[in-house]
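Got some structures for you, see below.
What follows is chain A paired twice: with chain B in the first complex and chain C in the second.
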Partner chain A sequence: MPHALSYMLEYLIFFVFATIAVVFALMVVLHRNPVIGALSLVVAFFALAVMYVLLEAPFLAALQVIVYAGAIMVLFLFVIMLLNLQHRTEEATRPVQQFLGFTTSAAFLISLVYYIGKYAVFGKLPDGRFASDARTIGIRLFEAYVFPFEMVSILLLAAIVGALLLSSRGAATRAEIPTEVSE
Partner chain B sequence: MAFDATDVVLSLIKIVIVLVMMLQVTPIMVWVERRGSALIQDRPGPNRIGPFGLLQSLIDALKFILKEDIIPTGAHKWLYTLAPVFGLVPALTTIAVVPWGRPFRIPQRISDGGALTSVGWTIAGLCILGAFLAGGATARYSRKPAHSKFNTVIGWLVVAALAGIAFLIGAALLALHAAGTVRVPAGGRWFEPIVADVNVGILVIFALASLGVYGIVSAGWASNNKYSLFGGIRASAQMISYELSLTLAAVSALLVAGSLRLSDVVWRQTGYFVLFDTIRIPAWNVFSPAMWLSFIIFSVSAFAETNRLPFDFAEAEAELVAGYHTEYSSMKFALFFMSEYMAMATMSALITTLFLGGWDIPWYNEPATFGGFLLSALAFTAKVAFLLFIFVWVRWTIPRLKYDILMRIGWKFFLPLALVNVVVVAFFIAKHWI
Partner chain C sequence: MIPTHWFLILSAILFSIGVCGVLTRRNGITIFMSIELMVNAVNLTFLAYARQFHQLHGLIFVFFVMAIAAAEAAVGLAIFISLFHHRETIDVDEANLMHW
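Right after this comes the complex of A and B.
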């Protein structure tokens, strides 16, 4: 009996949070207000983290919330609020952007359907315990996947340097004009 | 994950205990804050309702409930209503992964001579004694010419409540006695005083704590008020900045314990450092010189993360009226208040767990019984209460910094220092010096 109960609870939690994830993901795309969109994305991320917990990967779930919901989306929201983008609909100025957007999402959808079909519907899921604790993940990262790991860190460093360069170019031109009134 | 009915009941008991503790933090801390500020500023503070003004918070809560709940015309209604909840839920749930007492073994039979019943009778006796004392005081007070009807009524209510509690406990104990013994199914089992002992404990705390900022940000935006918006923007920038140094400072304590599980971190601190073969110092992280830097960084960042003075730029009443909650009134405002104090309590519990030995009592080996659990839980509460008092003390002693100084400290001072500290501590551990 208790086993059946725990399965039932698991299904209940899954369907509740799957619904939340889908509904709020749709909100992100369809809502006109960018702030509401960003907050909906946070809710969708949180629902995804619950999925990870159900898959017995609590480490991944915690990282999902810390990195995406806790850090990246706060920055997004910060920028949106700073720019005060409210109810603004812009005309599509470059049709090529629209074309690229639709093509990429179509390609992503097709590959998603293909892989889900390949592994979840027709094929068999890899059997065996999923390494989910911090120790195992750390050892794997620094032994088997050390090269991609370091590549990602160099990529991030390049992004930081790029951001600094872009912002300092503005500062250099601004420095020539005296902005503050001296006493 | 198999579990039986006893597990569910034990979990429910733990959840109820933690929730009640967290919910009563706010009224107590409001009282401590107001009396503490009065003490520091040499004035009496609230002293009208109840002895030492103890019931002031109760009346404040009543006032909050009775006030008109206003939603400004230009506000985003949904978000404006939801924002206090966004703030409250993380503050209320984060404590779930913090251990608050020594695990003990529930014996197979709880007989009427057990520790539980003696503690129960003691509490009931204390309640009866308190009821008599409060009754006598109230009767004397009500005969005075200058007495207020209100205080008299409150006095009698206190008497009634104490007597009721004593009656309930007594009835429960008598029922237990009549039933003979209570049998715990499937032999004795361990009672772990922690709601969720997950193996990624500290990450859960940081994940939920980082969600707390959305309450403030969405409140600031949804109010449609310039001051509120500024408060929200400041809060988001501040919390992102200090999250980094907070996490990196915690890493060193986790490195020493070799685990992300907070109960392991506490167990690691239950031993002793022995100096010159004679002096025994509790092996709390705060007593280890390698941890001092991370302890300081963590504590200061905790002030910034909870938006407390000297870092309360999200409300900064001198510049932003009241910051993100300028437009809020009634119970919605009270919810922000509650989440602030709960976040403070969680941070104090975290500092206690990571650096002050958690539930460990210095120079005492807690037995794995109910008594040992009670003592260790009391020690944990005492440490958290002390840290909470420090929060109040600092608030009324140190003035608010400037915003650019806050950012400079966070990014140019604490972050590099915390990074270097992690490397140094890791080196020490690799060399087996700690």
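Right after this comes the complex of A and C.
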């Protein structure tokens, strides 16, 4: 009986957090205020972290909370604050573009779900625990994947330098890019 | 154990919401957040398959995707700051400097 109870509980957690993720993802797309969109995206990322725990990847769930919900979304909120966009709500888009966007993404969703149902046929899940803790991932990362790991460090350095260069309001960068373009 | 299909379908729904955001919105930062949503949907697929086949490669790929998404967010937001300095807007319809 405790087994059946934990089974039920797992499904309950899945459905509750899947609903939260979908609802807040829709909020990001449909709400016209970027601050509310960013905060909704934080909630959606937390719900996805719960999904990662259900998928037996607790290390990546922690990374999801720290890197996505913690770092990247704070960066988004800082930029929204810096550009003073929190009171600037976007006016309605052209109706044709909106209609085409909604129908295209709905058709895309329907075809994706159809082909997942048709072709993604899986056997039974393997028995035993999936060893995916921080220790196992760390060992794999520094043995088999050490070269991509170092490349990512160079990429992050390049991103830091690029971000500083692009966002600095120096005279050198301003002189090169024309402010006004004659139509 | 929840079947892998359900995670794939959740991932498909989130990805389609992201596509919808990119196609219908004009605020550059909202478009960027929709892209982050799509990246996360793909991460969920990677983890679902990793558990299905008990392979660590999927998890490590998700790790790299997160690192690259951080770099992408930093550079992309810097581009929007630069755009705002020059154009006083982040509406992507106004950013037609490279207009044919």
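Here, the second predicted complex is superposed on the first by the 121 of 183 C-alpha atoms of A that agree within 3 Å, B and C clash if a C-alpha of one lies under 4 Å from a C-alpha of the other, contacts with A are read in each partner's own complex, and residues count from 1 in each chain.
Definition applied: a contact is a pair of C-beta atoms (placed from the backbone, for glycine too) under 8 Å apart; a residue touches a chain by one contact, two chains touch by 3 or more.
Worth saying up front: this structure is predicted, and the values here are computed from it rather than measured.
**Student:** Now for A:63: first (chain B), second (chain C), both, or neither, which partner does it touch?
**Tutor:** Both partners, chain B and chain C.
**Student:** Under the stated touch criterion, which partner chain does A:50 make contact with: chain B (first), chain C (second), both, or neither?
**Tutor:** neither
**Student:** Can A:167 be said to touch chain B (first), chain C (second), both, or neither?
**Tutor:** second
**Student:** By the touch definition at the top of the document, which applies to A:102: first (chain B), second (chain C), both, or neither?
**Tutor:** A:102 sits against chain C, while chain B stays out of touch.
**Student:** Who contacts more of chain A, chain B or chain C?
**Tutor:** Partner touching more chain A residues in the overlay: C.
**Student:** Contact-wise, after the overlay, does A:81 reach chain B, chain C, both or neither (first, second, both, neither)?
**Tutor:** first
**Student:** Between chain B (first) and chain C (second), which, if any, makes contact with A:71: first, second, both or neither?
**Tutor:** Once the two structures are laid over each other on A, A:71 reaches both partners.
**Student:** After overlaying the two complexes on chain A, where does the chain B footprint on chain A coincide with the chain C footprint?
**Tutor:** Looking at chain A, the two contact sets intersect at 59, 63, 71, 75, 82.
**Student:** Going by the contact rule at the top, pick out the chain C residues touching chain A in the complex.
**Tutor:** Chain C reaches chain A through residues 1-10, 12-21, 23-27, 29-30, 32-34, 36-37, 40, 43-44, 47-48, 50-54, 56, 59-60, 62-64, 66-75, 77-82, 84-86, 90-91, 97.
**Student:** Under the touch definition given earlier, write down the residues of chain A that touch chain B in their complex.
**Tutor:** Where chain A meets chain B, its residues are 2-3, 6, 33, 35-36, 39, 42, 46, 49, 58-59, 61-63, 65-66, 69-71, 74-75, 77-78, 81-82, 133-134.
**Student:** Show me the residue ranges of chain B that touch chain A in the complex, using the header's touch definition.
**Tutor:** Against chain A, chain B makes touches at 1-5, 76, 79, 198-200, 203-204, 206-208, 210-211, 213-214, 217-218, 220-221, 229, 232-233, 236-237, 239-240, 243, 260.
**Student:** Can you check the complex and tell me which residues of chain A touch chain C?
**Tutor:** Against chain C, the touching part of chain A is residues 10-11, 14, 18, 21-22, 25-26, 28-29, 34, 37-38, 41, 44-45, 48, 51-52, 54-57, 59-60, 63-64, 67-68, 71-72, 75-76, 79-80, 82-83, 85, 90, 93, 97-98, 100-102, 104-106, 108-109, 112-113, 116-117, 120, 122, 125-126, 130, 132, 136-137, 140-141, 145, 148, 152, 155-156, 158-160, 162-167, 169, 173-174, 177, 179, 181.
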